[in-house]
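Chain naming follows the written order as A, B, C and D, and within any one chain the residues start at number 1.
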Amino acid sequence: MEKFLNKDGKVIVLNLVKTIQENKDYLSEVDGLIGDGDHGINMNKGFTICGERLKDADADLSESLKTLGRVLLTEIGGSMGPLYGTFFNRMARSCKDEPEINRDVFKKMINEALAGVSELGNAKRGDKTLMDVLIPATEAYNKAIEENRSFKEALLAMKEAAREGMESTRDMVARVGRASRLGERSRGVLDAGSVSCNLLIASLADSMIALLAN
Amino acid sequence: MQRIINKPDMVVEDMLKGFVKAHDDIVMPTSNPRVLKYKDAPVKGKVGVVTGGGSGHKPAFIGYIGKNLCDAVAVGEIFSSPTAQAFYDAFREADSGKGVACLYGNYAGDNMNVKMAIELAADDGIEVKTVVANDDVASAPKEERHKRRGVAGEVFMWKIGGAKAALGGSLDEVIAAAQKAIDNTRSVGIGLTPCTIPAVGHPNFEIKPGTMEVGIGHHGEPGVEVCEIKTADEMAKMMVDIVVPDLPFVEGDEVAVIVSGLGATPVMELYILYNKIEELLAEKGIKVYKSFVGNYFTSLEMMGATFTAMKLDDELKELLDLECNSMGLKVFGK
Amino acid sequence: MQRIINKPDMVVEDMLKGFVKAHDDIVMPTSNPRVLKYKDAPVKGKVGVVTGGGSGHKPAFIGYIGKNLCDAVAVGEIFSSPTAQAFYDAFREADSGKGVACLYGNYAGDNMNVKMAIELAADDGIEVKTVVANDDVASAPKEERHKRRGVAGEVFMWKIGGAKAALGGSLDEVIAAAQKAIDNTRSVGIGLTPCTIPAVGHPNFEIKPGTMEVGIGHHGEPGVEVCEIKTADEMAKMMVDIVVPDLPFVEGDEVAVIVSGLGATPVMELYILYNKIEELLAEKGIKVYKSFVGNYFTSLEMMGATFTAMKLDDELKELLDLECNSMGLKVFGK
Amino acid sequence: MEKFLNKDGKVIVLNLVKTIQENKDYLSEVDGLIGDGDHGINMNKGFTICGERLKDADADLSESLKTLGRVLLTEIGGSMGPLYGTFFNRMARSCKDEPEINRDVFKKMINEALAGVSELGNAKRGDKTLMDVLIPATEAYNKAIEENRSFKEALLAMKEAAREGMESTRDMVARVGRASRLGERSRGVLDAGSVSCNLLIASLADSMIALLAN
């Protein structure tokens, strides 16, 4: 069965950090169209601090995710801190006692994470938020596992669904957050949170696929 | 941007440094740079009173730290909720063992961060109870009051909660008093110009010259109506007509009133507005027991004003009249 | 104009009505609609303290009526001196037989109207002596200090004069204390945006976006330099470099400081400015004994700020610390 | 010798009132170019109240001038109230005990008035204020009397000098009052106070000449 070791998983989080850092300006730019243009700044701040903290640390995947979640809760206010903070904390908790990460462990991780974010943020599909990425991505992963496809295939399905989910926000009218002020005028551009969420999901999938190949 | 700032990302840090220097007779920094506390906090034997919110609303929130008011405040970025950590640290700074009343405004970010902070505090054995201000009538219909935002009425919530705590109230009593304050409080705002977050560099939303937005929120959240700009007297009437029927305030009521500027409106104009508001209330048989006219809850350099009324009973009057001393609110005892 | 007004010609009338309603615990109207007085004035056995000036500077001037501050204030049109009659009537309302200290700012119109009012009062046997504030360093070279305008330093003049009168000082003692206050006080302003007098409807003067005017007066009087807008820290340095050498303030001095907004600058930014000012003063060995950061003397909706410093001795400290209660300034006694 | 009766002089002040009322908008317009555009409003307010008060009053020239002076002091703040208030008060005082107004009495009146304004306002010729009308007008009147010309001729000389004085402000740079802010940019337009002062001097001259002809 496909799997990798929890203790080898720090790289997954380091890649998340790199992804956000590389897309900082792009995220702010997207947020600037119908939000206040700070999404890249907010995300970069927390992820960079996490990167610093992990750099020389001896941490497994669970500890690395926990560090990320904690930093986000400590360093980013607004909604992003608690939402992404909860996302990564829940992921960390779901694999804490697992020496190996396989497709069932990750299923628990992503579903627990989605549940935490959903409970906290209360946003629905179609509200034009990161939930429009997170929900379909998780569903696609679950469906692939149900169909007994491989871990890698399930991750690829999750990644593809995230991308589609992000694209789907373009046609939505925001019902939550700052952009909801614009009503119809919020249609036609991507939601910033769904862009960052898609990047994070894609990075998670790519990193894990690379670890599986080792 | 015609503004007095250094690095746009650092306005909150720079402001906090200046604030602590200017008010070292009232406030103290803490180990969390995003938490300020009353210099005597935690006050022995007293329930701790905590609030927090995004920056850019001065005097809110740190301007209400002080004697018989708030004990600790969590400070967010401009227009953005403080972190869960900051709320949690504020709880710890305020708690003397009697528990903490966290009196804050109904915003998605604040709700989430307070919720997570309460979980953290529970692990430490700190009991935290909350009152969530939702005085902004225009932000949701009456049936969905729980969705309404908190605006300038929060000042009354802090004043009443702070006074109850100062008089030795238990955590439940402080929460009950603050909840009663906000349940009896209604507000509405009118926006005349937008504002610019320094790190963003351009206005966050638009109000066309010659128009005004009735019911606008403190961060430019959409109101109930955009219309041609009216006279001060007509603005007063629109505001009174939104606020009074909602509670409702009725003949014979005594109220406390806040007319707050949003930041850049000359204070002169707030008195022009108050003049008519008082007259309209008097016509309805509603008596103003105490009024606060000035900049009590602002939005950077937005122009416009908010009108807040709180219906009083004997308990609320006594708590309102108690001496308090903070940067934003100073009341001399009777 | 995005403003809260009724008839542009009537802003002062409408504002006064609202002000009297909001502060009936402190002020009272008089038979002259352009004169407000402290509710207990004339205070028996106390020298009367009077000021006056154009409107649009809130809290100045009527916001400084109150306990241990001013007893009566003459109110002018926007940015225009009160009439001689109004000053005269203010003298009469303030005088308890001990004489009147008229503490006002150095402007052509005020000088003329006060002069004529003193003549009228002399006929009634009311003794009036004056102190003319001239704290604005940028308005004339040091050799011509008598030509300098009065700006936010007037607040210190009223605080000190009002306290001396409250403590039972004779007219000469009150005048001496207020004169000492202003002689030890220096101010400078930086303007970032102009303002619009409602009855005029367009800005009175220009400050180009991206530039700032150093040394600007409270009515847009020309400053010493127009330059590109600087960081808050650089503004602080320019202000300190103008104010400190003029008195001069020297190592070992203790000072009281006012950092006042001009009306539309977010108070947050005043703390950013104060943070650096305090640091620069500390570097020079000048200690801030007490600071006042906020909107103390404004110009309608102008953006910008003023920095004022008063060098203290024991007498000035004692008078500064005396309790006072007005709309614009509340100090709790020690 | 040319003269008219003090008790017939109320009309002179009523004409001053009419002059200001008719030129209210023009005065504000001129003030708007380099001042704050309120000179007409300020002047009209005081003069109109005076007109109301004199309408049914039984007043001679001295009492009428005194009423005007007092009203200006009571109703107009700023600089205009005390300056014009003093101007008319001094005129009133200088003819209080004179049953008849002749060229010597008026000489005393105008010179006393100028002295009062000058002492109070401290403006010099060339500062671009109403003094650039008042000083040359008074000097022209004095010179005509010295040359032993008639009352009427002296009034005409005064009127002409006032007009020239007003015109002379066009080329000046303001050194006093609001307009001084503009420096060089204040050149090229008339000074508002000198426009009103010229109107008042001309009205005074015309009214007196008419009374002399009766």
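The rule we apply is simple: a contact is a pair of C-beta atoms (placed from the backbone, for glycine too) under 8 Å apart; a residue touches a chain by one contact, two chains touch by 3 or more.
As the structure is a prediction and not an experimental result, all values here were calculated from the model.
Asks: Following contacts chain by chain, what is the lowest number of steps it takes to reach chain D starting at chain A?
Replies: 3
Asks: Tell me which chains count as touching both chain A and chain B.
Replies: Chains touching both chain A and chain B: none.
Asks: Centre to centre, by mean C-alpha position, how many angstrom separate chain B and chain D?
Replies: So the centre of chain B lies 56 Å away from the centre of chain D.
Asks: Using mean CA coordinates as chain centres, what's the gap between chain C and chain D in Å?
Replies: Comparing mean C-alpha positions, chain D is 34 Å from chain C.
Asks: Need the CA-centroid distance for the pair chain B / chain C, whole Å please.
Replies: 29
Asks: Considering the complex alone, what residue numbers of chain C touch chain D?
Replies: 9, 54, 76-77, 79-86, 108-109, 112-113, 115-116, 197, 199-200, 204-205, 219-222
Asks: Give every residue of chain D touching chain C within the complex, in rising order.
Replies: 32, 36-38, 41-42, 73-79, 81-83, 85-86, 120-121, 176-178, 180-181, 183
Asks: With touch defined as at the start, can you tell me which chain B residues reach chain C in the complex?
Replies: 2-6, 11, 14-19, 21-22, 55-56, 58-59, 192-193, 207, 209, 212, 229, 231-233, 235, 263-276, 278, 288, 291, 293-295, 298, 300-301, 303-305, 325, 327, 330, 332
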